[in-house]
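By letter and in written order, the chains are A, B, C, D, E, F, G and H; residue numbering begins at 1 in each of them.
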Amino acid sequence: MVNTPLVGIIMGSKSDFPVMKDAVDILKDFGIEVEVDIVSAHRTPEKMMNYGREAHKRGLKVIIAGAGGAAHLPGMIASITPLPVIGVPVKSSNSIDGWDSILSILQMPNGVPVATVALNAAKNAGILAAQIIASSDQALQQKMIDYKESLKEKVAEMSRSIRG
Amino acid sequence: MVNTPLVGIIMGSKSDFPVMKDAVDILKDFGIEVEVDIVSAHRTPEKMMNYGREAHKRGLKVIIAGAGGAAHLPGMIASITPLPVIGVPVKSSNSIDGWDSILSILQMPNGVPVATVALNAAKNAGILAAQIIASSDQALQQKMIDYKESLKEKVAEMSRSIRG
Amino acid sequence: MVNTPLVGIIMGSKSDFPVMKDAVDILKDFGIEVEVDIVSAHRTPEKMMNYGREAHKRGLKVIIAGAGGAAHLPGMIASITPLPVIGVPVKSSNSIDGWDSILSILQMPNGVPVATVALNAAKNAGILAAQIIASSDQALQQKMIDYKESLKEKVAEMSRSIRG
Amino acid sequence: MVNTPLVGIIMGSKSDFPVMKDAVDILKDFGIEVEVDIVSAHRTPEKMMNYGREAHKRGLKVIIAGAGGAAHLPGMIASITPLPVIGVPVKSSNSIDGWDSILSILQMPNGVPVATVALNAAKNAGILAAQIIASSDQALQQKMIDYKESLKEKVAEMSRSIRG
Amino acid sequence: MVNTPLVGIIMGSKSDFPVMKDAVDILKDFGIEVEVDIVSAHRTPEKMMNYGREAHKRGLKVIIAGAGGAAHLPGMIASITPLPVIGVPVKSSNSIDGWDSILSILQMPNGVPVATVALNAAKNAGILAAQIIASSDQALQQKMIDYKESLKEKVAEMSRSIRG
Amino acid sequence: MVNTPLVGIIMGSKSDFPVMKDAVDILKDFGIEVEVDIVSAHRTPEKMMNYGREAHKRGLKVIIAGAGGAAHLPGMIASITPLPVIGVPVKSSNSIDGWDSILSILQMPNGVPVATVALNAAKNAGILAAQIIASSDQALQQKMIDYKESLKEKVAEMSRSIRG
Amino acid sequence: MVNTPLVGIIMGSKSDFPVMKDAVDILKDFGIEVEVDIVSAHRTPEKMMNYGREAHKRGLKVIIAGAGGAAHLPGMIASITPLPVIGVPVKSSNSIDGWDSILSILQMPNGVPVATVALNAAKNAGILAAQIIASSDQALQQKMIDYKESLKEKVAEMSRSIRG
Amino acid sequence: MVNTPLVGIIMGSKSDFPVMKDAVDILKDFGIEVEVDIVSAHRTPEKMMNYGREAHKRGLKVIIAGAGGAAHLPGMIASITPLPVIGVPVKSSNSIDGWDSILSILQMPNGVPVATVALNAAKNAGILAAQIIASSDQALQQKMIDYKESLKEKVAEMSRSIRG
């Protein structure tokens, strides 16, 4: 039996996928079903509108949207859906060192927030989506606590290796 | 008899109007009929979609769109309409010195250009719209040539006043 | 009967409160109970550690943290709690036009996301917190849908007033 | 029979040609005749003056000008011609990540607009030129509508390939 | 008997004069004759061309040019005249904190230098012009040495006043 | 007999070590004992708290902390320890050209300074630590004077090689 | 009996004093004797050289240097003295939002560190100087620990006032 | 017979020479004698002071100084000599994309100008030095006029090659 996806991961172009794949992977690690699609604000505005209007009806709980340059996808999706939208600024080839990607996702007007993460930080977008779902799912919240513990162990290993 | 408007001037919020009014005024000076409306990418996405789909059918030849912060209106309209879209980055109160406004309008991906003018330069947006219409209207092009001559005269006056 | 707060709103200094109050107000509008406190990463690190460790045990579902300059509070809280943390970059008096506030909240390393909103955008932080809670609360999600509709009506009013 | 060129494409140096060629190509795709030349504001100011003065007399309807660093060519041409001028900021080898190219093209004073496109976005400059000509040419406008449809199909293909 | 001016001070608009007047004043303090005019690259390109072509023939030894925003005057004058050109980036009302003014004056291509001074630093432009003339005028060079001594005395006064 | 370390060098990740090793090397050159560890503000907050609380008790006189991106380690350590803390902004792979690293270390609020050095300048952090210790250690101060003399000799060598 | 000053506080101009006075005040609070002077790198280079050469011989243990714009004083003093030099970037009237002040103090080459604090953060410069002296003075270090405790109490007060 | 050098070219490190060599070459092309040396503001402050004090006495007419990062050499030399000083911001390995180099050379305080050229633009520094000397040397000025003509011919060649 396949579970309904809880997180929709969309991006403006296939060229964003190598970055956005980190969100897919970490969410799978947390056992959260995802769906992935290409939805372009500028090339497929109607598809974007439909995606935004239907997302919560299809059972999605969070949307992760990645885009670069004048990155309008996260903010436009956020203008349509009642779901929390996480924006991943992608340092695409046409971006000015990522500044355009960040500012056009982050600086949303009052009324329409986008939960922005660091440049190219699709992994963190996935973790944030998991935290959002975990806020009403105790078993998942425990996984999150365990995950944070595992980070400590990695530092401990690095510490041992550097101190000889 | 009222002429059909040739230039549509839209902006994301009424608070952009003091800036955008300069476009209205200069286009009136050139004798070009305009229409003005508030169309918000983030608060009225459907209205925006309709506006973009209908603009060229209603006889508009150019659209001027002003917005600030994560300014998605010019780029989104440009994604829908076949008309040339002029973007005015507005230094709104929630903007970071205008950088977000500029980058989120200027840095459009391939396939969907926005003709971006300087920060708050709605007057130049109006002149550019007039130049676009004038490129197939010789009488208007002559007005543009005369306008440029008038700029010279203003400098000559300043020159006289400063040289005593 | 008082409900348990679902959103914890913290900030590094009382001087951040005029900005952060917008989060309190909008969450009250959505009928969501909040708690507010001053927690300084740099002046009260132990209090911050305790806050982060206890938050989810006390029933909080989201933490909103505001800070300016070298703004470490949102990221440090996020390093301790399993809850989603929303960061509000505050353009405080010691900030360089807000760039330091934004970058030191946004650019978190892999493993520890902060859901960053626009500069001074505490209202959007509140809406985002409501969206997060609403993702598992259908009645609240309907309120969010209604809220988005109300934004449209405001634009319609502006549109009427500008078109005469 | 050769048609008169409708779009003049100029650039400050032959080293800008690899970027600017995208404008030539897309305009040819739209069936629009172009002419190409090297015109340097700083090394051939008289040639630039002549170019600007004669362009509209030779039948050109739009000028596309590309330059990098302290990029004066687009703005100077715009100061001379009544035609709409599209500026392409080129990220040339002497540019500071493109910021100088962008700002010295975009930030024109009142009276003399340059329609600025994204960094290195000569393709978009070509599309914008086509949109300008299409605003008084219904057959070309239909081509533009078809072009936008073709962008959707490309996204649909990417969508299929990513969803397996 | 009036001496021939040695330094030409030009600016794009009368609104630049309050800044540029500092250059006039300091050059008069050094006993160097100046001439002042409004010459706009964008509004009076022919006047600018003529100014550049004639300057060295009329006996000028240095040109100081001030402009703001997309500031093309200093670089364009430098492209025409064999004289050294000093550029003053003016933080005009349409400038983005002065960055556009600085970059569009400073970042000139190989072959056409502009001697750029700090933002709004017309006084330093005047001193630099005096230093240039003084490099072949021993009496003036001595004045420059004396001027530098006078700076020391001002610091000594400040030092006394602060140390009580 | 091993001396007690006087300088603690910590960093957020093993990937910072190639940069931070310069601090270790130069301090050894000055004959100052150091200890090195991985301490992550975001992954091991408790370890960081302990480190900060114990550092001065274990005999350390200075702490050098390096981190990149949203770099909280230097500031957080400074909030806990009474010792002077030197921060090294590391241009890590997730950093935006180093701006985030610099601003999130430098812009500390009143009460909690971090002595920030240049981007990636771990060597200078080491020299600064030596200068701090030398301010109460005359023999070491003499070494510092000798070190500065040796810099002059290197320049003299370069001067000879370039002048032939 | 007057104690020998341990901290020299210098600045490029009397106009920097309103900012730099915070360093004087906090050091007096810690009971540390200071001396204050105007020393300009650009107007009194010889005085600066002498100051740097003599500082450690006169018993100073730390130098705090404040300057704005192209701020060379902290780095130049650091090139001469073996003492630790703390640089305060001042947002002076001729500074571009403080960026020039910060970068010209912070980005020192290898061999010559300046301990840079936040923009205008003279108070933190004073605290850092006290921490440096305290690293070999246990009584002063205890004062520093007490000072940090007092910061906590201020936050507790703010917390009480905001929570009603 | 060897002529006295008229232009002194100095730089902070041998690593700046590949950039600065362009100034040497172009000045030789103009037949102007130069001298070259390594003079470091931070490592050899006394040598720098002497260089600045003696330059005009040895017959130099212009000084060209190149440096990167916190680039103090041009401004410090300018504070000592009565000669015009041309500053070349070098994008050295420790520079933040050149911004630090530019701002710490350009933003000099009133009284002490540096004639700043574009990032890495040592060739333009050489041309500017030639223009300065030419302002009192008619034969050299004619060479400058001829040089500018040669730039036109190069553009004409590029124009021919691109137009086929």
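Methods note: a residue touches a chain if its C-beta (ideal position, glycine included) is under 8 Å from a C-beta of that chain, and two chains touch if they have at least 3 such contacts.
This is a predicted model, so every value here is computed, not measured.
Contacts with subunit B and subunit E are shared by D.
Interface of subunit G with subunit H: the two copies contact each other largely through the same residue positions, with over half of all numbers used appearing on both sides.
The pair B-E is the one among E-H, B-E or G-H whose contacts match those of B-C for more than half of the residue pairs.
Between the CA-based centres of subunit A and subunit C the separation comes to 18 Å, rounded to the whole angstrom. Subunit A and subunit B, compared by their mean Cα positions, are separated by 34 Å.
Mean C-alpha position of subunit E lies 44 Å from that of subunit F. Each of residues 13, 42-43, 69-70, 79, 94, 96-97, 99, 102, 106-112, 114, 118-119, 121, 148, 151 in subunit C touches at least two other chains. Of all possible chain pairs, the ones that touch are A-B, A-C, A-D, A-F, B-C, B-D, B-E, C-F, C-G, D-E, D-H, E-G, E-H, F-G, F-H, G-H.
Residue ranges of subunit B in contact with subunit C, taken from their complex: 13-14, 17, 36-40, 42-44, 47, 69-70, 94, 96-97. Within the complex formed with subunit C, the subunit A residues making contact are 56, 61-62, 79, 82-84, 86, 102, 106-119, 121, 123-125, 127-128, 131-137, 141, 144-145, 147-148, 151. If you check the complex, the residues on subunit G that touch subunit C are 97-99, 102, 118-121, 148, 151-152, 154-156, 158-159, 161-163. Against subunit E, the residues of subunit D that register as touching in their complex are 12-13, 41-43, 45-46, 49, 52, 69-72, 75-76, 78-80, 94-96, 99-100, 103-112, 114.
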